[in-house]
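Here come two complexes built around chain A, the first alongside chain B, the second alongside chain C.
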Partner chain A sequence: SLRRCLISVDMRLIEKSFHEIKRALQNKDTFQNVTILSTLQSLKTIKPIDVCCVTKNLLTFYKDRVFKDHQELSPQILRNISNIANSFLYMQRALQQCQGQRWCQCSQEAINATRIVHDNYNQLEVRSAALKSLGELDIFLAWIDKNHQETSA
Partner chain B sequence: PDGVVVLPAPQNLSIQSANMKHLLTWSPVIMPGETVFYSVEYQGEYESLYTSHIWIPSSWCSPTKGPECDVTDDITATVPYNLRVRATLGSQTSAWSTLEHPFNRNSTVLTPPRMEVTKDGLHLVIELEDLGPHFEFLVVYWREEPGAKEHVKVMTGGLPVHLETMEPGAMYCVKAEALVKAIGKHSAFNQAECVEVQGESLPL
Partner chain C sequence: PAVPCVSDGLPKPTNITFLSINMKNVLQWNPPEDLHGAEVTYTVQYFIYGQKKWLSTSGCRNISRTYCDLSAETSDYEHQYYAKVKAIWETNCSKWAETGRFYPFSETQIGPPQVALTTGENSISIVLTAPEKWKRHPKDNPVSMQQIYSNLKYNVSVYNNKSKKMWSQCVTNNTVVLTWLEPNTLYCVHVESFVPGHPRLALPSQKQCVSTWEDQTSALK
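Moving on, here comes the complex of A and B:
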């Protein structure tokens, strides 16, 4: 199962890093009634076959957009974000090596789910969107935890 | 301007890593009669690839007095990290010195674990050293007899664990290795330790 792909990833340390900065991030988020990862909460019906693709796409979303767009002055928050960003970099490589040639086929549903996230992101000014996405990391981390336990490749 | 001493940058940066503890060291900058401080910063592979202007102050050494820094709490993912150090004296700061090769924690040296094997009555008990959150231990134990069958357990360190209820008159042996899933590596096995329970061996 995909579980073995991420066997060397310590999700608890990533979650710890996030929870140390969650309140600070969410307090700075001025768009409380808007969400970017809303689609993840409605992805209850995602098929196991799509878990890899959605995971890969959302790791890329955070890697290529969120962590880049966010500007942080606090060394403590910077450290925690750096830990998460570098862990995501490692996770993506671990997934890619593990999947080999079958690297994450993507169904239309999985593509649509990722597009909704990007569309939500584009609705906001980039700094606000990055801040909100960081504040919603717990949604993504919970989704990874849940979906990388039960799925079978 | 003439006569102003330029603060030299620290030299000979190197990193020693054992059992997932990572220590950055460098040659001290000597300024007679003065106390020189140092600041350490790091950059994970993510920063060097995507936000290369960003360097992050080390958790414990920004600033520090000694010519060394425990960067264990900074190196938190299994990717290459750049590390740099500069000296500070009053308002003067030196240039940065950067570690020649990026450091990846998967190069840490894993040593065979220290363990204590004891008997509590008929109970075979083991306690392994607590090496921190990354560590598990693979413990192999057997009854010393022809055709002995090995038993295996995976456990964490720091607490005594009951392995087996022994039979009087028999000898039992134990060995262990350290496992670190985060880097996908394990240590060598340590030296096996054996204990014997006095008394008559029960007839089969």
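Moving on, here comes the complex of A and C:
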């Protein structure tokens, strides 16, 4: 289960890093009526069997798009974002090492959920999209926390 | 219908925040500065992040108190919200004062558990009941905060009144038995609930004190 794979990941470190920059990031995001992840219906309905694939895809989304597209001047924010990025890298490796592809299959629903996130991202100017995605990390972390517990039950 | 007012005629309310405990989400603010004695009223609106428009709440329009219970409006704790309030006095009103993004799932404070103590000669058993989530109606079925946070834990603090020593232990199950205690000694206990992850303010339970039984061997003499 996801728990065995991510057991070595200290989520609290990631949540602490995010907590320190959350207000600054979210206050800079002025598009309150647009979300990237918060189309929660797509994340909420993810079945346990798809959790691994969606986790992997969203980690890739943050690593390959969000962290690259985001431009930041504040050293404090930069430091915390790089802590989070390193943790995500570690989580990706933990997922890859932990199971063969057999277990981390991607159903059509998982693919659709990931595509919705990318579609939402593409609808915004890239800097705004990256900023908004960073501000929504609490949604992703809460989802991991919730599914990290549930898949272990 | 709202009477039109001259915007920016008043300073904004200050320190607008959500006070959230067990998903009871109350918006609170301080009156605008330098308006002592004026009969100021307030109007509140809220916004569901990702939706399209600000929404009014009938219970918090032209109110004189400086808080507004938005628990019902923000009851889907997996969504995120904003709220704003403006001050009104006669025909003047302030600009809106707005909260940051509020996420009940990761920001609500977890209230203390119910704590039941029973004593033995050298032991105290503690039974903990997780706090309940806010309910829209008193008759609604209770939802335990443990159902929302399956990783809910407790921090049990114990104080030996004789030795003046205090120790704490983190537990996940709802029953704790303290053993190897001194007989005939008063122990005081308080407990905090917490969820690993986002830092949240802890709310300790009321301190409860019980005495272990007398040493049964000396009692027989």
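Basically, the second predicted complex is superposed on the first by the 145 of 153 C-alpha atoms of A that agree within 3 Å, B and C clash if a C-alpha of one lies under 4 Å from a C-alpha of the other, contacts with A are read in each partner's own complex, and residues count from 1 in each chain.
One rule holds for everything that comes next: a residue touches a chain if its C-beta (ideal position, glycine included) is under 8 Å from a C-beta of that chain, and two chains touch if they have at least 3 such contacts.
Just so it is clear, the model here is predicted, and its values are computed rather than measured.
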Does the chain A-based superposition show chain B and chain C clashing or fitting? fit
After the two structures are overlaid on chain A, angle v-u-w for chain B, chain A, chain C in degrees (C-alpha centres, nearest 10): 80
Under the stated touch criterion, which partner chain does A:Y90 make contact with: chain B (first), chain C (second), both, or neither? first
Touched partner set for A:A142, first chain B, second chain C, both or neither: second
After superposition on the shared chain, which partner residues are touched by A:K63: those of chain B (first), chain C (second), both, or neither? first
Using the superposition on chain A described above, determine whether A:S82 touches chain B (first), chain C (second), both, or neither. first
Look at A:S17 in the shared chain and tell me whether it touches chain B only, chain C only, both, or neither; answer first, second, both or neither. first
One more residue to check, A:T55. First (chain B), second (chain C), both or neither? neither
Tell me, in angstrom, the smallest C-alpha to C-alpha distance between chain B and chain C in the overlaid model? 6
Does any part of chain A touch chain B in one structure and chain C in the other, and if so which residues? none
Sites on chain A touched by chain B in the complex: 7-10, 13, 17, 63-64, 67-68, 75, 78-79, 82-83, 85-90
The answer for chain A against chain C in the complex is residues 11-12, 15-16, 19, 23, 26-27, 32-35, 38-40, 44, 135, 138-139, 141-142, 145, 149-150, 153
What part of chain C is in contact with chain A in the complex they form? 47, 49-53, 78-80, 82, 100-101, 103, 105-106, 150-151, 196-199
Where on chain B does chain A make contact in their complex? 44-47, 49-51, 54, 56-57, 59, 62, 74, 76-79, 133-134, 181-184
